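Letters A, B, C and D mark the chains in the order given here, with residues in each chain numbered from 1 onward.
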Amino acid sequence: MSGSIFGKHFTVSTFGESHGPAIGVIIDGCPSNIPLSKEDIMKNMVRRKPGNTKIATARKESDEIEILSGVFEGKTTGAPICLMIRNEDQRSHNYDHLKDIYRPSHADYTYHLKYENRDYRGGGRASARETAARVAAGSVAMRILDELGIHIKAYTKALGSIVINDNEIDYNEIANNLLSMPHAQKANDALKLIAQMKEEQDSIGGIVECQVTGLPVGIGEPVFDRLDACLGQAIMSINAVKAFEVGEGVKASSMKGSTYNDAFYTTTELDHYGEANYKSHGFSGNAHPLCKRVLKHTNHSGGILGGLSDGSPVVFRAHFKPTPSIAKPQQTLNHNLENVEVSIQGRHDPTVVARAVVVVESMAALTICDLLLRGATSRIDQVKAAYQH
Amino acid sequence: MSGSIFGKHFTVSTFGESHGPAIGVIIDGCPSNIPLSKEDIMKNMVRRKPGNTKIATARKESDEIEILSGVFEGKTTGAPICLMIRNEDQRSHNYDHLKDIYRPSHADYTYHLKYENRDYRGGGRASARETAARVAAGSVAMRILDELGIHIKAYTKALGSIVINDNEIDYNEIANNLLSMPHAQKANDALKLIAQMKEEQDSIGGIVECQVTGLPVGIGEPVFDRLDACLGQAIMSINAVKAFEVGEGVKASSMKGSTYNDAFYTTTELDHYGEANYKSHGFSGNAHPLCKRVLKHTNHSGGILGGLSDGSPVVFRAHFKPTPSIAKPQQTLNHNLENVEVSIQGRHDPTVVARAVVVVESMAALTICDLLLRGATSRIDQVKAAYQH
Amino acid sequence: MSGSIFGKHFTVSTFGESHGPAIGVIIDGCPSNIPLSKEDIMKNMVRRKPGNTKIATARKESDEIEILSGVFEGKTTGAPICLMIRNEDQRSHNYDHLKDIYRPSHADYTYHLKYENRDYRGGGRASARETAARVAAGSVAMRILDELGIHIKAYTKALGSIVINDNEIDYNEIANNLLSMPHAQKANDALKLIAQMKEEQDSIGGIVECQVTGLPVGIGEPVFDRLDACLGQAIMSINAVKAFEVGEGVKASSMKGSTYNDAFYTTTELDHYGEANYKSHGFSGNAHPLCKRVLKHTNHSGGILGGLSDGSPVVFRAHFKPTPSIAKPQQTLNHNLENVEVSIQGRHDPTVVARAVVVVESMAALTICDLLLRGATSRIDQVKAAYQH
Amino acid sequence: MSGSIFGKHFTVSTFGESHGPAIGVIIDGCPSNIPLSKEDIMKNMVRRKPGNTKIATARKESDEIEILSGVFEGKTTGAPICLMIRNEDQRSHNYDHLKDIYRPSHADYTYHLKYENRDYRGGGRASARETAARVAAGSVAMRILDELGIHIKAYTKALGSIVINDNEIDYNEIANNLLSMPHAQKANDALKLIAQMKEEQDSIGGIVECQVTGLPVGIGEPVFDRLDACLGQAIMSINAVKAFEVGEGVKASSMKGSTYNDAFYTTTELDHYGEANYKSHGFSGNAHPLCKRVLKHTNHSGGILGGLSDGSPVVFRAHFKPTPSIAKPQQTLNHNLENVEVSIQGRHDPTVVARAVVVVESMAALTICDLLLRGATSRIDQVKAAYQH
């Protein structure tokens, strides 16, 4: 396992198994002098926390973060930040009956063959519990992005066949329901679907959509570390994600260029980044360079052109498969490769999307923060600014 | 631009602009003693080459590869391999009328703001010409995978609304048409659609699907460098890709667990990797461990469980947007942010998918080769084997 | 601070300040199935531990390691290993009088200007306490090297002007004195020198030499990640090291080629790696290929040729400056850039070398382990061996 | 060979063998808008070029650089810069008599065992010819450093036992002799020593010293990527270097703290960075913060404190062993492990230091440029400056 490090400049290194002593993360490359408190992190941790029996596993975890380093007198010092969360309500014995079973659509079989060594307790390293460390790190990234006026918001776009159309989205509703759905009625329907799934001892997939606003033009590094490519890795690395779309996504493959292309136009209305963008054009002869802002009539591109942010909101979607752990009996194999029937007991979510919303936001924040810091020296004038202010 | 390096162990570093002197790539970390000839590379280069006027730009490039290092007496030496391709038919003057135009859905605007410096000739670094270097490097990766019995095959799954269903695929047809479509009649229909697009001065999107067979179980590095995550970055980094799917992909988000989960079973029929897989279990009490092979009744997972290859074919799809360069007049802005109308002349493909098939294969090969080499020390017995043969 | 990660394949990421809650490390890329206990680590930790008042600071730290992840039922699982050490005897108030002082030859001034934020308590991240995390990680690396028959041994070669000549070394003495010196009488003299330094409120420098045996031929990656280059970074990154030498080291610059060059010869006596080395020649026509072993009459190269291990013992030296913290009054500046006199009270070692011996071993182990794992795929036959055993 | 990439942010990837078609380098992460011409590079290439028969190999190489990418209309574009040099005067047949000989103190033996494949022509990848690519890349780094007022100057400090003491250095002499020695008489003596070595069919080692001025305080990334540690790797990775010293270097190990420590003081005289340094203190209450500059009475530290540049000149030394290729007969082995005598004919330098001076400068420039770009986001105010100018 040499893949637990993410990012090249703002680098996070995670550790921990579902039923080991603790999980956590080290962040290396965080700039100094960013105000950071435990509360900044906990407010996101609670969004991912298990324990709401309506939609999630009954496992009780306080997910209490301990900041072990890198923060002094309420500010980041520039040193690595280590965030640790003790595992508490482990009930490893719940997994004794699965000790030598390869659960369908789980990582049991592939990990066992790769490492010839299996931590069977709750999925070990492959458990979704690992994403708690991502949320902890993502919270620090979001604090940095806050400082630059960049905001990330994800929500449940669909649960099973209950889909919220673009024109139906009501952002104010997101906080009003357990599923973070931007639509009151559909959130209600979705909760009923979840109840039904529990009754049927089954599970259901869903879609999380994410929007990033306030991003300067030009974030992303050609050609392999494009913003969309890095987001692609980040989002596909979340447990249970099977597809990633940017902007029109899968629809783009059946569209014509004349319909798909986003036409540019200008406006005199300025936003947070308007002025900076124009200055960076180096205009001087132009009469009113600072009074214009480049916009697009449509955003089929999802805010990314040539792999770089284009000033429009960055929009992407993650498709989650249904939770693989279901109580309904399934055929599978054990370590002796004998056919066995398994009914996965224990405490499992009927859907992963509800708790995954904040994980998607976190991975987006980590990706953007890394690219933003790397992009800070794209031009020699930026390098000079860093050392001569 | 600090993103032109891909891979952590089998590392490729590409260079070159559409209308500069040359493009190319250095491969660092290639094992020694792999037979490698110019022909191994050229056979893939011709599949990507422009010049077939029916489906592609009329730009003429021989795409003749020069091997500058790393190969001696027909074999890789372990030293970095540099592959260079001279640019020939550049016609940079074709781009003079676009010199200060931000073409819609192109990278002109974002690159200009990021670097305050624009190589307007044919898109510069953002041009799809850059993918020639990927194919060159990918060809070396494919030679390595060949040695291990791993094979990669991509094809055009859809062009616009012409979609080939899974049960209609005829692999033998792929080589029979310019679009690499595994279906004779639909390939014909697709060629007609392309002719229509040219007539309408428009372009069309499409889907490339890719299958990887022969992969040992366990390729991929948890948790961020999962096989699906790394493929996600690799494929999303290809120009014009807007979505990436593994296995069921976007369909997974509306499925139930009981339907989605792939049930394991065993067979006594052995394939190339069967024996190795069983040995790696360390079975000894079992009566016939080597006579069984683990299979799945379905492959909704697309051959990846927990981010690791599961022994089934790895299946993924890339959704390409329509070519952004169209002759049909479009509204846009120039460098002075004045509204202008642009009709993009020059030599452009009405669709990118035909030539992208081998690019998808190449990026898959680079990704898998990198993860395969990294995974070669997952267990201490593998480390010992490397030094005690 | 984006530099707390070491290694490309066997990757360690450290965290922690001298007076923060804890210090520690994550190891990513450790192969599975290596037996690892807390004792394997603690036996090295005690060698670095403060508390022996004769030679070291009186700070009391149990340096009790907690294994937070990556080990299950006594073996590594392949997952990231997090090792944490709580800070205990911090006495941060001891540093109140230094709060706004730039101590001479310390990192106070440079950190303050770089981060504009200073953790003044005991040096913060720049404290030698950080090396405890290196020893913890190095202990894991040493366990891996043990499995391959590779052994690392460091010792104090000199303290001030007390130098042990090559022909005086008695390895059996190393464990018999607090300074890890391979010479009984000189160790005694050195302890007296330390007592004198304490009395004079002064400190003294020294040399640590390290030998690595059992290394296969060919460890190191040309051209930048040569074994000597990577050791160079590793050793120079230890606090207080001002010079690094391999083999003849500084003497080489005044030597002639005819004197310096090491002549090869063969022997029929086999050692641990003899057989493997010959097999790797691929000899078959040769009568007795396995009965010969390549040796050198001298080892001026220090066991490294062309940046790769050559089968001889790898020998290198680290020169440590005297401890910068001395009680003797010194001239310096405070944060207001006023001239002040400072006498550094607190608990400081009169020399750093005694406790640095195990740190040198640890950094050597981390370096070699990283290069050894990277080198495991140098040839295609090694790659095949990894997947076909 | 997975080690041909250097740097994490300003990344160079080199390729090429001594007698292959070409050698070269790709630079990824170079900021845009830096004026760069072929002459900027050639002026350094000529300093490394072979052909001066008095001190160097008679091999004739024009070392003509071709800029293949990344520069448009005289400025860097931000895209990867590929620099290529064709090999010309190869005379590979000169090496036929060495085809199956393991030359003493060369990389022949270690490469052969590692890769089981040997490019015997002139040392292949292990040849010092590879350093030409480093000088090409280093020249680009020096252009960037120029923009920031940072200057690097190396010279030959010693040849054999002819050593120039610190108080004898006359910088004006460096350009006046073939050996880049800052002392007229000793340069003369050294040339005579070289003539003698040629006559004796022998070779001689030497010391290159390097000084970096104008560096802002705080360059270097704790804890592993300290400036001294990164320089250590960079310099030790140069062929034939056996020791690396910073500041007092090896002398530090026999010094007392009271003698070694550098005392800080202030001056009212401002230099290039004086103002910036004070501003970065954030002083406001202080009466004349901008009229002071922090200096040290001595520079035993070599300009580095806690691994970060401290505002004093950075001073380090590289010790080069004598050229291993000598005509004097030597005992060695061939591929069959038979004892043979070898007299290395061909065109070899009697010392490597003369041509290595510019290689040392280049590696210093690459190291500093990488750390400088990485350090540009150490504080949140630097990040903001990059995006809000």
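Note that in this section a residue touches a chain if its C-beta (ideal position, glycine included) is under 8 Å from a C-beta of that chain, and two chains touch if they have at least 3 such contacts.
Model, not experiment: these values are computed from the prediction.
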{"item": "Label of the chain whose CA centroid is most distant from the centroid of chain D", "value": "A"}
{"item": "B-D or A-B - the one linked by more C-beta pairs in contact", "value": "A-B"}
{"item": "Chain centre separation (chain A, chain D; CA means) in Å", "value": "43"}
{"item": "Distance between chain centroids, defined by C-alpha means - chain A, chain B (Å)", "value": "25"}
{"item": "Whole-Å gap separating chain B and chain D, where each centre is the average of the chain's CA atoms", "value": "38"}
{"item": "Two or more partner chains touched - positions in chain B", "value": "1-5, 8-9, 14, 29, 32-33, 78-79, 114-117, 125, 222, 374-375, 378-379, 381"}
{"item": "Footprint of chain B on chain C - complex, ascending", "value": "8-9, 29, 31-34, 78-79, 144, 147-148, 216, 222, 276, 279-280, 372-389"}
{"item": "Chain A partner contacts - residues on chain B that touch it in the complex", "value": "1-6, 8, 14, 102, 104-117, 125-126, 130, 158, 160-161, 197, 200, 202-207, 217-218, 220-226, 228-237, 239, 241-250, 252-258, 260-266, 277, 280-283, 286, 289, 292, 294, 297, 300-302, 305-310, 319-326, 328, 330-333, 335-337, 339, 374-375, 378-379, 381"}
{"item": "Residues of chain A that touch chain C when the two form their complex", "value": "1-5, 9-11, 13-17, 20-24, 26, 28-30, 32-33, 66-70, 72, 75-82, 84, 114-119, 124-125"}
